Structure formats: C-alpha cells, structure tokens
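Two complexes, one shared chain (chain A), two partners (chain B, chain C).
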Partner chain A sequence: MSDLKQELKEKIIEQLNLEDVAVEEIGDNDALFGDGLGLDSIDALELIVMLDKDYGIKLSDPKEGRKIFESVEVMANYISEHRTK
Partner chain B sequence: MSSNHYIQAFVHIKNETVSLHGNTLLAAPKTDFSTFSKTAYKELGTKYPKFFKMDRLSKLAFLAADVLLKNDKDPQENTAIVLSNRASSLDTDMKHQNTIADAANYYPSPAVFVYTLPNICIGEISIKHKLFSENSFFIFDRFNANYLFDYAESLLKTKKASKVLCGWVEVDAGNYEAFLYLVSDTGAIKHTIKEITRLYKL
Partner chain C sequence: MKKVYIQGAGSISSQKTFDNSEFLDEISVYNDTVISVVNPNYKEYIPPAAARRMAKGIKMGVVASRIAMQEANVEQVDAIITGTGMGCVVDSEKFVSAIIDNNEEFLTPTSFIQSTHNTVGGQIALGMGCKGYNFTYVHASNSFESALLDAKMQLELGEASSILVGGVDELGAHTIKIHRLIDHIKENAVTPATLLDSKSSGSVFSEGANFFVLGNALSERCYAEVVSVEMYNTLPLENLEETVEAFLKDNNLSTEEIDVVVMGNNGDVAYDNYYNHISSALFSETQHVYYKHLCGEFNTASSFGMWLGAKILKTQQIPEIVKLNETKASAIKHILLYNQYRGENHSLSLLKKC
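Moving on, here comes the complex of A and B:
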C-alpha cells in the first residue's frame, strides 16, 4: 500500500504539473482539493482519466471523484479494491 | 486614423531572451521553450503556481504580459487585450490530437484540451491581473500593425477601455516569439502604425 501511495503522489505531481510541490510534502491524509493541494475541477477530470488509463477504473459518475480524491490515503484504498490492471 | 495615444511600454520574448523597452532583462542559454520558460518564470520573479499548468502559448503570453503589467505604475482593470498570431493554438491542438489518434489508447487529457483555443491565454492574463475589459485574439498570416492599431484606437476612442494590451504571441514547431505593447494616454512613443512596426522589428 505504501508503494501505491508513493506512486500516486509521484503521478499527481507529474500529471497535474505541480512544479513546486515535492512528494514528501504531500501527506497521506492531506486534502487534495480546497485548502490542501489546491487542485481544481480540471485536475479532478485529469485524475479520473488517470484512474482509467493506469488502473482500469472507470468512474461513471464524476461526482464519485469527490470522495475518492479526498486524499492519497483514500485514493490508494479505492484503487486497491477496484483496480483491473 | 489619427491618434492621441501612446505606446506606454513594450516587451519582446524570443531566442531565449526577454527584453523590456529594448533592454535585456534575461538572456538564457540556448534551450527548448519548456526549459526557457521555467528559467524565465524564476528569474523574472513571476509568482503564479498555475503557470506550470498552462500550455506553451499561454506561458509565453503570460510571461510577456506579466513583465509589462507588473511594471505598470498605473494599472487599470479596464485594460483590454488584443492579441494575434499565425498558428493559433496549433501547438496544443496537435498535442491533443496525439491523445485521441489511437482508438485503442484513447485518453484525451482535459488539462490539454482546455488550451485548444488561442484566446485561453488572454483568460490566464486577465485572471492574474484582474482585467475585466474587452478582449480578442486574431489570426493573421503575419504581424499586422495596421489592424492592431485600428482595433486599439477604436477601443480607446469609444471608451470601451482605458488601456489596451496588444501584440503578437506565436508558438509553432519549436519556435516562439512574443511582442506585446501597452497603449494608453501617456508615454514617450506615439501610437502609430509606423512605431508599432518599428518596435516589433527590434
């Protein structure tokens, strides 16, 4: 699980172009949106594409992302349970 | 059309160099645009984390506009933006096309797609500098001083704007060039087609 969380942090930084954020600065339970990393709605869509492309998880309802993308910890748990690749 | 307006300030970005009023602010080693834009962002003291999410056209326009606007001692929210180029958003259009060309690997990126219009760069500038006036982005075969002059004069004379940020911002096939200038009621250079053309060629 810790490998997956590390992988997710690296992907979030790379794919969302968080140029001034380091992996160690993202806590497992930090909020990704709002006051946390400050991600926006386009970032949310990008994360939905990432779930599909990298883990074979299709979200039929984008609103599901609100819960799944709460933190790296929550994302990692969801991916572990639902991944198809 | 005669003018009582002035070119208050102008900036060039090309060949790894940023210059304001013809004076070099930054001269970086020869490199690609991605590396150069990061260097320029840091060296010019640009403070806007969302910069790194922009496409190359927006980064170029944003850097050039930021140099002009943060040095403006009398900023006006009623500043219009009139930009132009030849390649439109082709640089990003092709990047988007590459993500959807293979039906078996069809993953269009929302973050890329949102930049598949050239005028998005105007939005980025407007958000950062809180500008609320008119804006337009024109596609020309080449730099068109006549058109930019007429359009800016019209905006100023009809009181649609108190200042106009005009210019050319082009990214195409590894090449990039920005020339932006700010037209207002004050300045040392008369707002004329001849002067716009002269400054563009500096």
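Moving on, here comes the complex of A and C:
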C-alpha cells in the first residue's frame, strides 16, 4: 500500500505539473482539493483519466471523484479494491 | 485620424532581450539549426498555480506583455490583439500524440484546453482582468502584421486608446521534425555570423514573443510612431520594387527619406534574393539592418524586427551585430521594415521617430 501511495504522489505531481511540490510534501491524509493541495475541477478530470488508463477503473459518475480524490490515502484504498490492472 | 505610438515593448527571444535596460549588449552565439529563447524567470511574473498549466509559448506571451505594460506604465488596456502562426503547438502536439498513442482513449483535458491558438491572448486577459476586445490572428508569417494593422486602425479611429499587441510562437518537437523532413530547416548548423553566407536552403528555426503597448498618447517614454502597415500574400519578385515605391508614395515618402531598412533575411539561399533585390535596386545608399541571425525564424519573427526598429528609433543607436552594410545613417527618422517567408506573406511596416 505504501508503494501505491508513493506512486500516486509521483503521478499527481507529474501529470498535474505541480512543479513546486515534492513527494514528501504531500501527506497521505492531506486534502487534495480546496485548502490542501489546491487542485481544481480540471485536475479532477485528469485524475479520472489516470484511474482509467493506469488502473482500469472507470468512473461513470464524475461526482464519485469527490470522495475518491479526498486524499492519497483514500485514493490508494479505492484503487486497491477496484483495480483491474 | 489619431496617431499611434509604441508606448512600451517586451521581448523574449533567443537573445537576452527581456531586460529593457539593455540593447543587444551581450549576444548569445549558437552553432545550430534550431534555437530556443533565453528564458526570463517566469516565476517573477506568473503565480505557480497559474503557470503549471502553461506551456512555454503562453508563459513567453504573458511575460512579454507584462514587461511591455510595465514599461508603458499601464495596468489595463482596451484590447489585446495577438498574432501567432502556430499557436500553442506544444499542447497541440501533446493532445494529438495522446489520441494516437492511446488509441483515441484516455484523453486528458489540460492539453486540449491549452492547445488553441487564442490561449495566449486569453491567458494575458485573465491575468490582468481585461474584458475588452480580444482577438488572435493566424496568418502564417503575416500573423503579427495582421494584429498590428487591427490595433492601428482601432487606435486611429478612436475605438480604443490603448491596445496590447504582439506576436508569439513556440517550438514543438514534432513541428521541428516535419519541417526538417521538408527541408525548411537548414541541414547543417550555422552561427549568427555565418547565417547569411551559408548558401544553403532553409532557415534556423526558433521561437519568441514580442509585445507592444500601442496608444494615442505621446510621451517621452514612447519608442516610435507606427505610420503604416501593409501585407501582400503573394508578391512576385518582379513587382517588389514598384510595390515598395507605391507603399512609400502612399506615405508621402521617397526611398531617400528612409534612413534604415530592417530586413528579415534568414539565410535561405532560395528566398533571400527578395531582400537583396530591394537593397540594391531601391536602397543602395541606405543603412541596412537584419535580425534573424539573432532571433531565428518563426512565423512572428517580424515582431522582433519591429522591436529592433522601435529600439533603434528610441535610442538612435544601431548595435554593430545587426548592421548589414557599411552605410551609416546620421539621424534616424524613418525606418522601413520588410519581411517575407519563403517568398510569401510579404509585409512592409513604417516606423517614425516620435
């Protein structure tokens, strides 16, 4: 699980171009949106595509993302349970 | 009609031109066929949250426009008019590559959103909260002149009093690759000193952003007056001489009254004869200046030519590195800019000392 969390943090930084953010600066339970990492709705779409492409998870309802993308911890748990690749 | 003045300028090019206190004092010498810009510290101008989705072309455009506005001492303009030949080509390449690589699946929104030609103008407007006229011209190597003409006409007719106008293009890896395939990029590396003597086809490809604040108000800060801009999509060599003469006549000038001609020679042996022709036929006694050995070739490289012409008029100095012939202008009042790319999209622009 810790490997997956590390992997997710690296992917978030790379795919969302968070140039000034280091992996160690993202806590497992830090909020990704709002006051946390400050991600926005375009980032949410990027993360939905990432789930599909890298882990085979299709979110039919984008609103599901609100809960899934709460933090790296929540994302890792969801991916572990639902991944198809 | 009201007069139009260049009130501020900002340039990001393959030279360190973003610092307006300098005028080509130090030259970045290359030995290549493709050259990139000398980057300013973009973080000084763009907040990290906004910058993270911006490709280089957008950053260049945003920062060049900020520099121009700072120099003109304005915080807002009535309109933003941009010229670009290729637009945000890096994000376009990213998006199209993703379509191919992922078999038309998993398409992400960011590169698509940022890939349109008018993204630069949009981001400049968002940065300053400008809700005025915002237009982007995409006319190959006449893109910048199209934007300039629009701005000039609006200012002359009093539809606006202050307009930000500029040209911007960025290099993209795939674009370079396909232009190499069709021999539009030189096969062998050249230096600024050897570009015009290379006797080879193609040019040195590059990128850059040059923005100007144009307005009706004349102040000590102003660079020059923009007197006239004309474009010619097709112009055979045999008609060039009479076209230039007619352009000057329309502006009540003769060839003898032009003090400096700024020419867009890019070292392409197949097309530099246009410049050579007007140099010898019309301006044999006039000082010639060139610039694409410094900034390279891109669709809006002529905006660097305008930056150079404006700087010359303001400072009344011509850096040694841009001099093309031995003739020296004593006082510089009128500057004619002539540009074309591969024999098409010719432009003549006339600048006058304020």
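Heads up, the rule we're going with is that the second predicted complex is superposed on the first by the 85 of 85 C-alpha atoms of A that agree within 3 Å, B and C clash if a C-alpha of one lies under 4 Å from a C-alpha of the other, contacts with A are read in each partner's own complex, and residues count from 1 in each chain.
Quick note on the criterion: contacts are C-beta pairs under 8 Å (C-beta built on N, C-alpha and C of every residue); 3 or more make two chains touch, one makes a residue touch a chain.
Model, not experiment: these values are computed from the prediction.
Student: Touching A:42, do we find chain B (first), chain C (second), both, or neither?
Tutor: The answer is both, since A:42 touches chain B and chain C.
Student: On the A-aligned overlay, A:1 touches which partner chain: chain B = first, chain C = second, or both, or neither?
Tutor: neither
Student: Quick check for you: in the superposed arrangement, does A:16 touch first (chain B), second (chain C), both or neither?
Tutor: both
Student: Residues of chain A that sit at the chain B interface in one complex and at the chain C interface in the other, please.
Tutor: Shared contact residues on chain A (touching chain B in one complex, chain C in the other): 16-20, 38, 42, 45-46, 49, 52-53.
Student: Considering only the defined contacts, which chain C positions touch chain A in the complex?
Tutor: Checking each residue of chain C against chain A gives 48-49, 51-53, 102, 105-110, 113.
Student: Any idea which chain A residues touch chain C in the complex?
Tutor: 15-20, 38, 42, 45-46, 49, 52-53
Student: Using the touch definition up top, name the residues of chain A that touch chain B in the complex.
Tutor: The contact residues of chain A facing chain B are 16-20, 38, 42-43, 45-46, 49, 52-53.
Student: Residue numbers of chain B touching chain A in their complex, please.
Tutor: Per the stated touch rule, the residues are 38, 49, 51-53, 107-111, 114.
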